[in-house]
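First the structure, then my questions, so here it is.
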Amino acid sequence: MDRDELKGFLEKIRNGQMSIDEGISLLKGLQYLDVGCAKIDTHREARVGYPEVIFCPGKTTEQLAAIVQAMLERQSNILATRASQEMYDTVRKICPEASYHPLARTITIKKKDTASADTYIAIVTAGTSDLPVAEEAAVTAEFYGNRVERIVDVGVAGIHRLFHNLDGIRGAKVVIAVAGMEGALPSIIGGLVDKPVIAVPTSVGYGASFNGLAALLTMLNSCASGVCVVNIDNGFGAGYLASMINRLK
Amino acid sequence: MDRDELKGFLEKIRNGQMSIDEGISLLKGLQYLDVGCAKIDTHREARVGYPEVIFCPGKTTEQLAAIVQAMLERQSNILATRASQEMYDTVRKICPEASYHPLARTITIKKKDTASADTYIAIVTAGTSDLPVAEEAAVTAEFYGNRVERIVDVGVAGIHRLFHNLDGIRGAKVVIAVAGMEGALPSIIGGLVDKPVIAVPTSVGYGASFNGLAALLTMLNSCASGVCVVNIDNGFGAGYLASMINRLK
Amino acid sequence: MDRDELKGFLEKIRNGQMSIDEGISLLKGLQYLDVGCAKIDTHREARVGYPEVIFCPGKTTEQLAAIVQAMLERQSNILATRASQEMYDTVRKICPEASYHPLARTITIKKKDTASADTYIAIVTAGTSDLPVAEEAAVTAEFYGNRVERIVDVGVAGIHRLFHNLDGIRGAKVVIAVAGMEGALPSIIGGLVDKPVIAVPTSVGYGASFNGLAALLTMLNSCASGVCVVNIDNGFGAGYLASMINRLK
Amino acid sequence: MDRDELKGFLEKIRNGQMSIDEGISLLKGLQYLDVGCAKIDTHREARVGYPEVIFCPGKTTEQLAAIVQAMLERQSNILATRASQEMYDTVRKICPEASYHPLARTITIKKKDTASADTYIAIVTAGTSDLPVAEEAAVTAEFYGNRVERIVDVGVAGIHRLFHNLDGIRGAKVVIAVAGMEGALPSIIGGLVDKPVIAVPTSVGYGASFNGLAALLTMLNSCASGVCVVNIDNGFGAGYLASMINRLK
Amino acid sequence: MDRDELKGFLEKIRNGQMSIDEGISLLKGLQYLDVGCAKIDTHREARVGYPEVIFCPGKTTEQLAAIVQAMLERQSNILATRASQEMYDTVRKICPEASYHPLARTITIKKKDTASADTYIAIVTAGTSDLPVAEEAAVTAEFYGNRVERIVDVGVAGIHRLFHNLDGIRGAKVVIAVAGMEGALPSIIGGLVDKPVIAVPTSVGYGASFNGLAALLTMLNSCASGVCVVNIDNGFGAGYLASMINRLK
Amino acid sequence: MDRDELKGFLEKIRNGQMSIDEGISLLKGLQYLDVGCAKIDTHREARVGYPEVIFCPGKTTEQLAAIVQAMLERQSNILATRASQEMYDTVRKICPEASYHPLARTITIKKKDTASADTYIAIVTAGTSDLPVAEEAAVTAEFYGNRVERIVDVGVAGIHRLFHNLDGIRGAKVVIAVAGMEGALPSIIGGLVDKPVIAVPTSVGYGASFNGLAALLTMLNSCASGVCVVNIDNGFGAGYLASMINRLK
Amino acid sequence: MDRDELKGFLEKIRNGQMSIDEGISLLKGLQYLDVGCAKIDTHREARVGYPEVIFCPGKTTEQLAAIVQAMLERQSNILATRASQEMYDTVRKICPEASYHPLARTITIKKKDTASADTYIAIVTAGTSDLPVAEEAAVTAEFYGNRVERIVDVGVAGIHRLFHNLDGIRGAKVVIAVAGMEGALPSIIGGLVDKPVIAVPTSVGYGASFNGLAALLTMLNSCASGVCVVNIDNGFGAGYLASMINRLK
Amino acid sequence: MDRDELKGFLEKIRNGQMSIDEGISLLKGLQYLDVGCAKIDTHREARVGYPEVIFCPGKTTEQLAAIVQAMLERQSNILATRASQEMYDTVRKICPEASYHPLARTITIKKKDTASADTYIAIVTAGTSDLPVAEEAAVTAEFYGNRVERIVDVGVAGIHRLFHNLDGIRGAKVVIAVAGMEGALPSIIGGLVDKPVIAVPTSVGYGASFNGLAALLTMLNSCASGVCVVNIDNGFGAGYLASMINRLK
């Protein structure tokens, strides 16, 4: 609340337009839904523009069901990431219209429409093995009402494949570049386009890739500018941020 | 033995109040119980205020059974951590009153009562997935006669959930803050309360969380003061230390 | 060149509108300026929207002077980062109008104006010691024609300082959050605002901060969404990316 | 503010006992002092029981002077850590009564008395080279009104030295154990006393000590219970936490 | 295309020897085959001398089948690395003449002959457990038309075994040295022969071998010259590079 | 061969006492047995005093069988480490008298007696969970003809257990100290006895033990002297070295 | 010595063509020059084709002088790497014709000519700051009689600079690619040329470059084939290996 | 005290042969000398066979002087490691007969003779740059009355230098092998001799040697048996342990 809102609020109290109990409730204000094992952040959409997302690992199916049930009662759209098939089976019992994206390991439920953006997000992968992470990003971005252009398998070992797809990349408002192994793709793209590049290192590789550490360091040290990085295999985070940027006015 | 006790002991020897054999035994003094595969530290309770605790990983069920059996014969209260269901089944055959806490993976046997403390311990978790570690802390603290207040899922992504629960945290004598991923919760709490905060990093997360290393480093570098750290996923250690502090006079 | 441009180009060759030598030159096309020790990417502005930037470490003053000289001859705006006072003295001899920002260790030369953006970038620091990195970001963003709002020393040890400055942060189109030690600030901000947050870990700290590694991992593992990360102490990279996002239509 | 305070506050507004401007000011409430390069957390003492502390590295002497000046105007006690002799010379010009502790690299200014605790804190070091860190802890604890017992150079290479000093350690309400190299001292003490042990790894050592990492890991993995850990060389943090525990009722 | 080729090409356009559509196609030129989940780099052989290789991990059997099918249609020789038995079963259905090398986990299909080199490659292993990596290198080198001499189990614990096989090593044009654990073998060989040595660290070992990191560091720090290193367990990369060197004129 | 032996050898050649073919054979001299997948170092016993040992991981049962068969034909004593039950079943078919030590995961075959040493080796463990590594050391030492004294579960959490067993430790000629978690035991013993201490870190622990890294670093940084370290979990290496020292004249 | 040489040698002994003392000396045979602080490997040239090289760090100027003096007496060509100006001043006193290459920190002395190779080595750098390492490689390669083509500052931030220089790279027999920061250059080149690529990571960069670790990992994980890696900043090693490959017949 | 000693002691008390005050003193027994900043372990010689050694880093010259003074008063032999020239100048004022070994950075004072051992210790270095660490080991071993054979610069790049010096190595009772860079020397020696090998990694090297980490890991993973490891650059520790082994009966 800024100064004027504060003033208005206090005047309402003074005038009796608002009861003291209402005032207490409003001051306590920012809210959430307590389901025992979790406190669902029902205020998040108002605050940051997006409803809370369910990160599934480490949760029992009972806990997942309780959270989904509570959110459904509030008519929320639901996005659950890193969900197993078994978790989906549980959710589908509660909500038959739930969709599962096996490659992206993601459950989505749409209770209300999301406004579409005019511009689009390009999601580029270095290799075929990076697809699960890229799909998590794509499903996330689409869930939030964005159009996505997928450009697959254009890694630096055959860089002409990238050049042949530059138009699709340059046309986007923001680019997600997904790569494992040496993770050079985002640097190359950052040197070629005038749009923000969100780099996603993947754990694809072996030996000294150290489960994605090599790609992560490569991306953090990009000598091209305009590149930022999210966690290893964090397709969701990239899709979420890209949506935020794509929808900026 | 301090100076007076030493003097008293030696005078008893001189006077013949204590035989030389008794003296040898007493001098050898600090004691333990040898069960072959282990030397149970039966003196620990006298020394540090708490009986020995059984850390289960790497022990065979036979070894576990031998240790439990020997402790039961001394009427010890028993706490066994990181115990599998199969280990519990073994223990229950020896001692049907043993309890198992599946979320906390903990076996407890109470042979004698523990005095209760007046004050309580707040155990706060950043997310639902941190619950197993928090429960290990809670079961441990309760085993040692402490009252525990659980405050679940108040991580920094929706920090108003924390603010709404500050009273419960501020009322405690000591706080355990459990968090994975970026592990920022203990810093926030440390900046808000005037009580010691025991930070427990968990291995919840993926990629650059490096199995809890990220949360551990965050907590060690807390810019808020009054925060100390235990090992990753070490709910037991946090519960034990919190009990020690909660029971300080 | 897209299909139509290619067609046009080839038709010009066939018609003789373009000589073969011109064609060779055009095909060789994308260009740069070779000054011996460096190949200045004069094409970058056309390609990614920003001219090449000079990263000073590891360059001799002679090399720096040669590069600046060559860029001045092309009337480029010049940004040189991580420049010492001695480097600035060298540059000033070539170009007396060059400015030096000692806290940001940055040299700027403006030969032509940059269009201003309507929206602004908020640059937030956790502590006073993070200022040099934040200033590098601010000087960079301002060099590219952005308005910057600086919000200093609002780290999580006294989080109310952040809440009192939320309006300034929420009003920005994009936020840069700079923090060392445990690096929790970007996560907190990410949970409070609906704008992209560019997290910059700094090497402020000691011991297990491992020269910024702790803050870097914290930021990569942020449980709030909408946060991306650049290299440790990379104020320039954050300012550049923020400019790119702030100027998106 | 709890429910009753909120109610009282709102009733005062309604009754006109408090003006709306006063209400705004109170609601904005949690406060700090803005000195440009820093926002001094003047509310911290009310919130966590201790005034803000100045961490000197990365600050210019001008910035330090500005912060000290502002705090002096509020008659705060001042503790500045990791301060160089040159920083002290600057502070002494502003405040001639300031003290400098060269071994601990700490500046203290006492404007008002601190109530003394009845119990004391034992600070134990493994070696002579650990003294600077231990002294930082001791100066901090004494600054906050605690009595400190120093027990120096009782590391595990000659463990009888520790046993001869056990009484002094066991008499304390809380123990700080400072050790570099292999860092085993806190584990040993943790196995011998019934008081919380705050372990401080130091960067004393060479080679595979990796600047204190070895001692840090040792302490985190302590097989004795009742041990918690702070950052490498973080004498201040240990002294602060020990004070907090020592003053618990 | 060098200057002369460019000139020739443009003259053909001017003369009408080449249609504009052909010109566009040629300029777009560098090519690949898009199979949806992958863009097969069909130009690679022309560019780097070897056709694209299939890295199997992270690919579904459907994806693998699609890629193999497309390459077979172009009559390519096929090498697929890190292939499971199940993957081979899939490939064999498409192409019954495919061979599987279980130790090397490699599938090969030969559609056209490869010219043989006169010289040979020596592949030397430190131990029997390094054989799978060595075989991957050997199968790769043979696939590309090289003769391979295998020298097994001559690690430094019994270094006379190496000396007794020096003639076979010295006769080669290039040497691949495969070792896990402490990885000293390539250094020794590098000090004894006048041929390039390609060092391959393996993940054979335990504890502080850290899955091959120890061997990798050993090899990078070789005090003998003429040694270069590929990724941990990267038999394919070593075989490929050795083939390249062996076939140099 | 020293100078005299060389002289004698050459004189035999000159005198014709030795044929030139014999000379060649002798000069080629140091020998091994080639079984295809391995070169068994049959000369090792002459050279370093002990026959070759079989490290089982990464070997197929066929390879293991071939090696054992070949060694049996030479009437060697055989020690195979890290052997699975299945590997033992294979060996037992070839050699029914083979013994398996399941805790130590070790196969032994004794074809000829080993002279016994008069002195003994003390093997001390910090906890029960360290037993598998300690047993590997014990079986190894006994295989080489040493007497072993086992002292189990005397870690620093209850250090009086160690003091009660000091006589058994001090009576040994060399001590093996096995510990996981924080790994402090060898330092303590090194400060108490005047015999070489071989420290064996184990992977017992969790979280920041990083699979034994914490214990390894602790031991390398021991502030007590007379301590050396072998690889994590390397019971065999410790037993071998201890045997070597115990048998020194 | 192969079989025939051995036979010839022994026959000479039998015939008395060689005295027994000569035989002893020859059998002792492989030789070196002992100068007290060092054993100069005078046999290396015969064995691996190149004379010993002097690695200067950690050597006193006296030791360096002694080694140079001894090599000069044998008329060796001399290459000393990582030499300071002060070291060069010492060497110049002994040998006025010695040359110093300040950028490469290298001393060279040519006593005899080296045959030139027909083919050449391309040395490519990503940035201007990588020049010292590249020059060390170039001086080394030239010292061994190779022609070197330098291609500077063609890193991936402006990748068209690389494409414009591809002819020079493709014409070489072997390529050295030198890059710091994210180290992507060798992967790009590896995907474009059919020659071996020796990748040299440099310590150019900051923050998460971790002194070259990021570039090292990038290069080890190169998804292009035909790339091998040497130690960080190891220009000498790359130049030496490139010479070896360039001179292969 | 063993059982008989305990019995004797207690009988003396009973008989009045020993006063109670004497008994208290004896029971308090294990002793040290307190000099304020340090507790000199005067009992160490009785307990582990060697007097306490002074580790200089982190100590002020005043502290060093106080410790030396106190030890001189007890007529102790003194060994101070990692001492600077300035520290030596301080010590020489107190004790003019003190010797300084600049290469080994060691101060020694001999007040009483040490019995000489008949056997000797071989100290072998890989390179000239490893000499400071080797000399620290040598000075330490000689200080404790051992004969030392130095064998310098026989690293694996020219392994024949090692073979020519094998007799000197094999004649020793225990071997210290000192190596930086890739650290392979101890493995080679371990495969060639039948004596314990103490491996000392040094920080000689650059880049991926990571200040000795590479050599340390190499040595810990030695595939030769009979090798143990001490800390990086820990010449003192190696010399101490070698002395202990060399003097074993």
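Note that the chains are named A, B, C, D, E, F, G and H in the order they appear, and that numbering of residues resets to 1 at the start of each chain.
We take it that a residue touches a chain if its C-beta (ideal position, glycine included) is under 8 Å from a C-beta of that chain, and two chains touch if they have at least 3 such contacts.
Note that the coordinates shown come from a computational prediction; the quantities given were computed from them, not determined experimentally.
Between chain B and chain G, the least number of touching-chain steps is 2.
Where touching is counted per the definition, the chains common to chain B and chain F are D, H. By residue number, more than half of the contact pairs of D-F reappear in one of the listed pairs B-F, A-G or A-E, namely A-G. Of all chains, the one whose CA centroid is most distant from that of chain A is H. Separating the centre of chain A from that of chain B, both taken as means of CA atoms, is a distance of 38 Å. Between chain A and chain C, the centres computed from C-alpha atoms are 25 Å apart. Averaged C-alpha coordinates put the centre of chain F at 40 Å from the centre of chain G. Under the contact definition stated at the top, the residues of chain C that touch 2 or more other chains are 127, 157-158, 190-192, 207-209, 213, 216, 220-221, 224-225, 231-232. Chain pairs that touch one another, listed by label: A-B, A-C, A-D, A-E, A-G, B-C, B-D, B-F, B-H, C-D, C-E, C-G, D-F, D-H, E-F, E-G, E-H, F-G, F-H, G-H.
Interface residues of chain A, counted against chain E in their complex, comprise 127-132, 152-154, 157-158, 160-161, 163-164, 204, 206-209. For chain G in complex with chain E, the touching residues are 2, 47-50, 53, 167, 173-174, 190-196, 198, 216, 220-221, 225-232, 236-237, 240-241, 244-245, 248. Every residue of chain F that touches chain E in the complex is listed here, in rising order: 28, 30-32, 36-39, 41, 43-44, 52, 55, 57-59, 63, 67, 82, 201, 203, 211-213, 216, 231-234. Taken together, the chain A residues at the contact with chain D in this complex read 3, 6-7, 10-11, 13-14, 16, 20, 23-24, 27-28.
Every residue of chain H that touches chain E in the complex is listed here, in rising order: 126-127, 155-159, 181-184, 187-188, 190-192, 205, 207-210, 213-215, 217-225.
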